[in-house]
Amino acid sequence: MARKVAVVVTARPSYARVKTVLKAVKEHPDLELQLIVAASALLDRYGNVVEVMRADGFEPTMEVHMVVEGETPLTSTKTVGLGIVEMSNVLHHLRPDVVISVADRYETITTAISGAYMNIPVAHIQGGEVTGSIDEKVRHAVTKLSDLHFVANESAATRVEKMEEHKGRIHVTGCPSIDLAAWVIANAEDPGLNASLEVHVRRGVGEEIDPTQSYIICMQHPVTYEWTDAATQVMETLIAVKESGVPCFWFWPNVDAGSDLTSKAIRAYREQNEVRHVHFLKNMPPETFLSLMARSRCIIGNSSAGIREASFLGVPAINIGSRQLGRDCGINVMHVGHDHREIGSALQQQLAHGHYQSDSVYGDGLAGPRIADLLASLPLTTEKKLAY
Amino acid sequence: MARKVAVVVTARPSYARVKTVLKAVKEHPDLELQLIVAASALLDRYGNVVEVMRADGFEPTMEVHMVVEGETPLTSTKTVGLGIVEMSNVLHHLRPDVVISVADRYETITTAISGAYMNIPVAHIQGGEVTGSIDEKVRHAVTKLSDLHFVANESAATRVEKMEEHKGRIHVTGCPSIDLAAWVIANAEDPGLNASLEVHVRRGVGEEIDPTQSYIICMQHPVTYEWTDAATQVMETLIAVKESGVPCFWFWPNVDAGSDLTSKAIRAYREQNEVRHVHFLKNMPPETFLSLMARSRCIIGNSSAGIREASFLGVPAINIGSRQLGRDCGINVMHVGHDHREIGSALQQQLAHGHYQSDSVYGDGLAGPRIADLLASLPLTTEKKLAY
Amino acid sequence: MARKVAVVVTARPSYARVKTVLKAVKEHPDLELQLIVAASALLDRYGNVVEVMRADGFEPTMEVHMVVEGETPLTSTKTVGLGIVEMSNVLHHLRPDVVISVADRYETITTAISGAYMNIPVAHIQGGEVTGSIDEKVRHAVTKLSDLHFVANESAATRVEKMEEHKGRIHVTGCPSIDLAAWVIANAEDPGLNASLEVHVRRGVGEEIDPTQSYIICMQHPVTYEWTDAATQVMETLIAVKESGVPCFWFWPNVDAGSDLTSKAIRAYREQNEVRHVHFLKNMPPETFLSLMARSRCIIGNSSAGIREASFLGVPAINIGSRQLGRDCGINVMHVGHDHREIGSALQQQLAHGHYQSDSVYGDGLAGPRIADLLASLPLTTEKKLAY
Amino acid sequence: MARKVAVVVTARPSYARVKTVLKAVKEHPDLELQLIVAASALLDRYGNVVEVMRADGFEPTMEVHMVVEGETPLTSTKTVGLGIVEMSNVLHHLRPDVVISVADRYETITTAISGAYMNIPVAHIQGGEVTGSIDEKVRHAVTKLSDLHFVANESAATRVEKMEEHKGRIHVTGCPSIDLAAWVIANAEDPGLNASLEVHVRRGVGEEIDPTQSYIICMQHPVTYEWTDAATQVMETLIAVKESGVPCFWFWPNVDAGSDLTSKAIRAYREQNEVRHVHFLKNMPPETFLSLMARSRCIIGNSSAGIREASFLGVPAINIGSRQLGRDCGINVMHVGHDHREIGSALQQQLAHGHYQSDSVYGDGLAGPRIADLLASLPLTTEKKLAY
């Protein structure tokens, strides 16, 4: 009988990170996909990723509405609590053989706790990485609640093992998000992809930008530990982008403690300043986004996309502030502080440099099928001890 | 200004484990105690420990009613979710400078998550230990969510450090539960203590037992991973105790997945068999219990008391099954399986041996004041990285 | 296409009250049954009615675990809140055309609120009755949240109409619980029924009683408004039963604010007094219970069974205290206060009187099919105004 | 000892409706105010009314964060559930002698249920009114859960009584929102009020409008039963306002099922059309708003302000669609459908007519002190029966 694999998608970026896993599980003869869509992935305000998934042929098996509004540390915590209350019921109803918890967003601990407490084996994708915020505590706590670890690279594997996880449970699969980047490179001329790009860059607000010309991309999320500073921080980036004069596709932040402030700051800036060459976008399907990034001259902000997918695509990246601090990086990344002069200067250097060589520090583009095969063949257990 | 220290007590055994911390914090000139009583500590069915606390002079600052009834893995998970929903509000209202999460019961992750997500420093008591159940995942996940670690001994400190926690954040304080054991030894003739013992052994159901004569103690909790076996397992112990003919004080299990089954099995056994020399008790104040244990000839079951406090008191202990597997043990402990013959034979050996030398593997009796001093003096922060 | 009818069963007595509706809906060609089992109906401690339902051929479509332990007004309130959080998700997943809320137990408002707020038509069974506790507020609030009213008799219909509900939405169907009583009378010699009776009266605790001989039945629930008095109240009844010397089948109370106290008081009484001719039972399938009641010489306590089903069966009933105050009654009922002398004296009178004539004040035994037909044919809408 | 009066404020409009009650309770020698701020009143996105309250001298005693994001019927239902879970704890902690539930917003049932179930007397302000949406069910269900009714006028009193509430529990106090309108008339030249008006009309987005010149006001909320139509409906109003050419202060909608759609529709319209003479505002303190309304030439939309406060102020009002259907109205109100021609034509008529005579259909301006006196003197009980 096919093993039932529950995958919980809680946000726009999480979908991009597991899309090829969803596909590989769905198509695997020995696996049955149970797709649980939760949290901001259900919200229109954050791009209604559930509709993107449906368009990609993934029908949600069940939904978990769990976002407590407020975007403060308090409401993020409540979101996790409410998520566990609901997720447990959903897992009880679906009775999966294994449940997949993705990466390190604050709400992903919902999946790990529900699985671990209900004696369902938990597989974690993207453990063992290092960043600089609450994600750090979440990611490693999820590691300790998980039974299987599908990590991006050897250094992640080493860190998971150092935290006393058994070597035999750690598998270097590469990160599934790189699979999409590989697909985009291989299908650069795909007419569907280009049509989608045409459509999506016209959405959103602000001046239209021609994606066949020179442009950059910006994605900046609030940093939980400094959430009251979120507004000031985004302002520095806005100034640097404005002063550069380079056309820019700017993406709204994810739902997170502080994101409301970030969005408000951006809106306020727009009301008071003419921001002529910036187009603000909410969301696009992951491949479309990667295609946009592949053609861009630089990606700036603090999104992990600049570090992960950009390294494979060879796109110059400027990483601002502490959010991605400590992550393994390819040679495409420059690190700067929240200062518009510093950001502006780095931007000039990256524009001058141009694209980099592809770097497979986060995977070789085959993570999805590899993970599906492991899910079909590995022993599944919930018994666990410290390794040594 | 005094630092506000929130301590969350969620169950009868957790109270015993932090009582001297509560006292030391309350009396410390630079600290202010915020006592949050939660989960089964509020329930009459589990001994209404909140009344014991009040009698000891600790008035709850706030209560968190969070136990979802059912005692299955599903309802335990929901309990955690509901707990986070409520605990976050309570912490938001109290705004402590640090919050203490005790040990490894399944619901203690409620405190660690609420604190970590709300940027309140989390101090964990009893990290780095090793057992054999869901507690194992919980304990180490709590370690990864915590900022300060107050551990029982050097081997626990080593384990916490091995999980990539910073050495400077790990403090070997001993376990506060040993403080009570030390107090009981020093106050063996205390009239209040003896009066309390007199009163409490007369409560409960079953034949009366004279605590001045020879007797043993039994405490057996369900093991989460095998909860459907809970009934069978307790039966083996009941048979062994019955056959031994030694008077026995038997304590009902804690609220946990499976505890309902355990209690039911005990009740069914009592209905069908004449169990002449067993007296069933719900609860007593921790010192009274330790005084009862200090005078007992043996403690059997799978409670941590047999391993922790019994080692300091030198009381012979028989540890049954997998629940405490891997814990550091003193020389007073024998390990057996769920088999009444094995249990019975071990009991004969321990009765023949008599009391052991005191062993300070879990502390020297001064943990409470030591922890309070550290809470008053250590820098409090929520920033954290992997150690190496 | 068949209309989807969601029925929410939250407790043992609620099941008895809708069993023939479940059956009629399940068998109706134009209806599809969605059975949601919730609250104490899922709990072993309250008789695990979900197993009884399965044995009757009803498989739960989904479960809602929602009981917050404590049995105080606070935890009952939380139970309702948690229930709404979960029920809404379940209704969202099942998308019924109409949802049925049963009677007036405190947790039934969960169904009415979830349905009303999610624009699903709500049908209420047993509105317009009068009792003397929190049920009173709940029942009438549910009426105001409901779109269709299936009431037991004309006086209930009048009360619903008086509360400004539209006459066209009120249907006198009789109470489905009477359907079971009618079936039991018609099938008094059914071998399955008698075998079930044989089996079930042997369960529980206390002295065995021969159901072919003379006996009475007792069911006493705590009264919410006076919950601290629950212990004292049950004691008076225990004394009266004991003093009467008549064999008695005593049923444990439902999960409710105060029920823990009631159970504890009963247990304490049993420990301290030899209660020779009382057998304590948890639960039995509804028909088996009705068969036991039909043969009993009297039913005492404050359960609605003594007023509703007993009137149809002609069984003498003694109603104690305020819980059923104001309900329409047949001639079989005597009302007394919480006083063992008063109870004892009434019991002597009822035993002397013997069985009464059948009274159809709560229905004629055809409510189930009648309700199913109405659900299949009535217009379903959620628009509503005050009637006049 | 002073009676503790808990008042729960869940939204911007609710604050305006109880502000004079808060003041009168706070100043009453026999009463102690416990202010609970909840739901959208805590959210920045809906005007952060808690800050307005603080500026008015009301410090929240406790907060209840309960809004589940999504603004669909499902998430509104979950909001109620989560609210009950939290509110019960807050009431348990505060132990008020009476709790006040305001009006008929969907989340106000949270207060009524928590109070009723926890045996705390519930006083309801604004029962017995008639509108045309889910509010209708909520309002009357709250009536059945309440013990005291403070209603706006005789016709509301009659409706409450008709629903079988006891006459002695119904008090015609007038609506406290009218108290503010009366104050604004009496203090039209107050410099603080005018300064506040100056400041607040400059906030928000869109073209600036001079409040000393001729202008109208628009407030349009989504109608729950037709939430998918919310976008279309608001569009008709936008067109009518645009075509009229009259400067307009437009207020964003409350948090409600559908409000996200309404806001989105407004934003989309603004992006695509030049809307030259409309200024979009989020919020202002209630008196400032009433002062703005008092000077306006007309208020259009479906807010109750157009019907309640506008009648006292004599401001011409155009009520669009079904949301306020059935409410008692003064002569200042015209009713139209969701059609821009109909709206436009009504607007011309109202502009031509000019201000009306003041009408006290919703109160005489003394409700606050009247309610405080009643709360201090009435017997408080939770026992209740149908009246007749």
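Which chain is which? They are A, B, C and D, in the order written, and residues in each are numbered from 1.
Operating definition for what follows: contacts are C-beta pairs under 8 Å (C-beta built on N, C-alpha and C of every residue); 3 or more make two chains touch, one makes a residue touch a chain.
Predicted model, so just to flag it, every value in this text is computed and none were measured.
Asker: Spelling it out: a chain qualifies if it touches subunit C and also touches subunit D; which chains qualify?
Answerer: Expected: A, B.
Asker: Could you pull out the chain whose C-alpha mean position is farthest off from that of subunit D?
Answerer: Most remote chain from subunit D, centroid-wise, comes out as B.
Asker: CA centre of subunit A versus CA centre of subunit C: separation in Å?
Answerer: Spacing between the chain centres: roughly 51 Å.
Asker: Taking the mean of the CA coordinates per chain, how far is subunit A from subunit B in Å?
Answerer: The separation of the two C-alpha centroids amounts to 40 Å.
Asker: Identify all positions of subunit D at which a residue touches two or more other chains, and write them in rising order.
Answerer: If we look for residues of subunit D contacting two or more partner chains, we find 65, 74, 78, 82, 85-86, 89, 92.
Asker: Write out the stretch or stretches of subunit B touching subunit C in their complex.
Answerer: Residues 42-45, 65-70, 74-75, 78, 82, 205, 255, 260, 264, 271.
Asker: Name, in rising order, each residue of subunit A that touches subunit C in their complex.
Answerer: Touch list, subunit A to subunit C: 62-65, 82, 85-86, 89-90, 92-93.
Asker: Under the touch definition given earlier, write down the residues of subunit A that touch subunit B in their complex.
Answerer: 73-74, 76-78, 80-89, 92, 106, 109, 113-114, 116-119, 130, 132, 134, 136-138, 140-145, 159, 162-164, 224-225, 326, 382-386, 388
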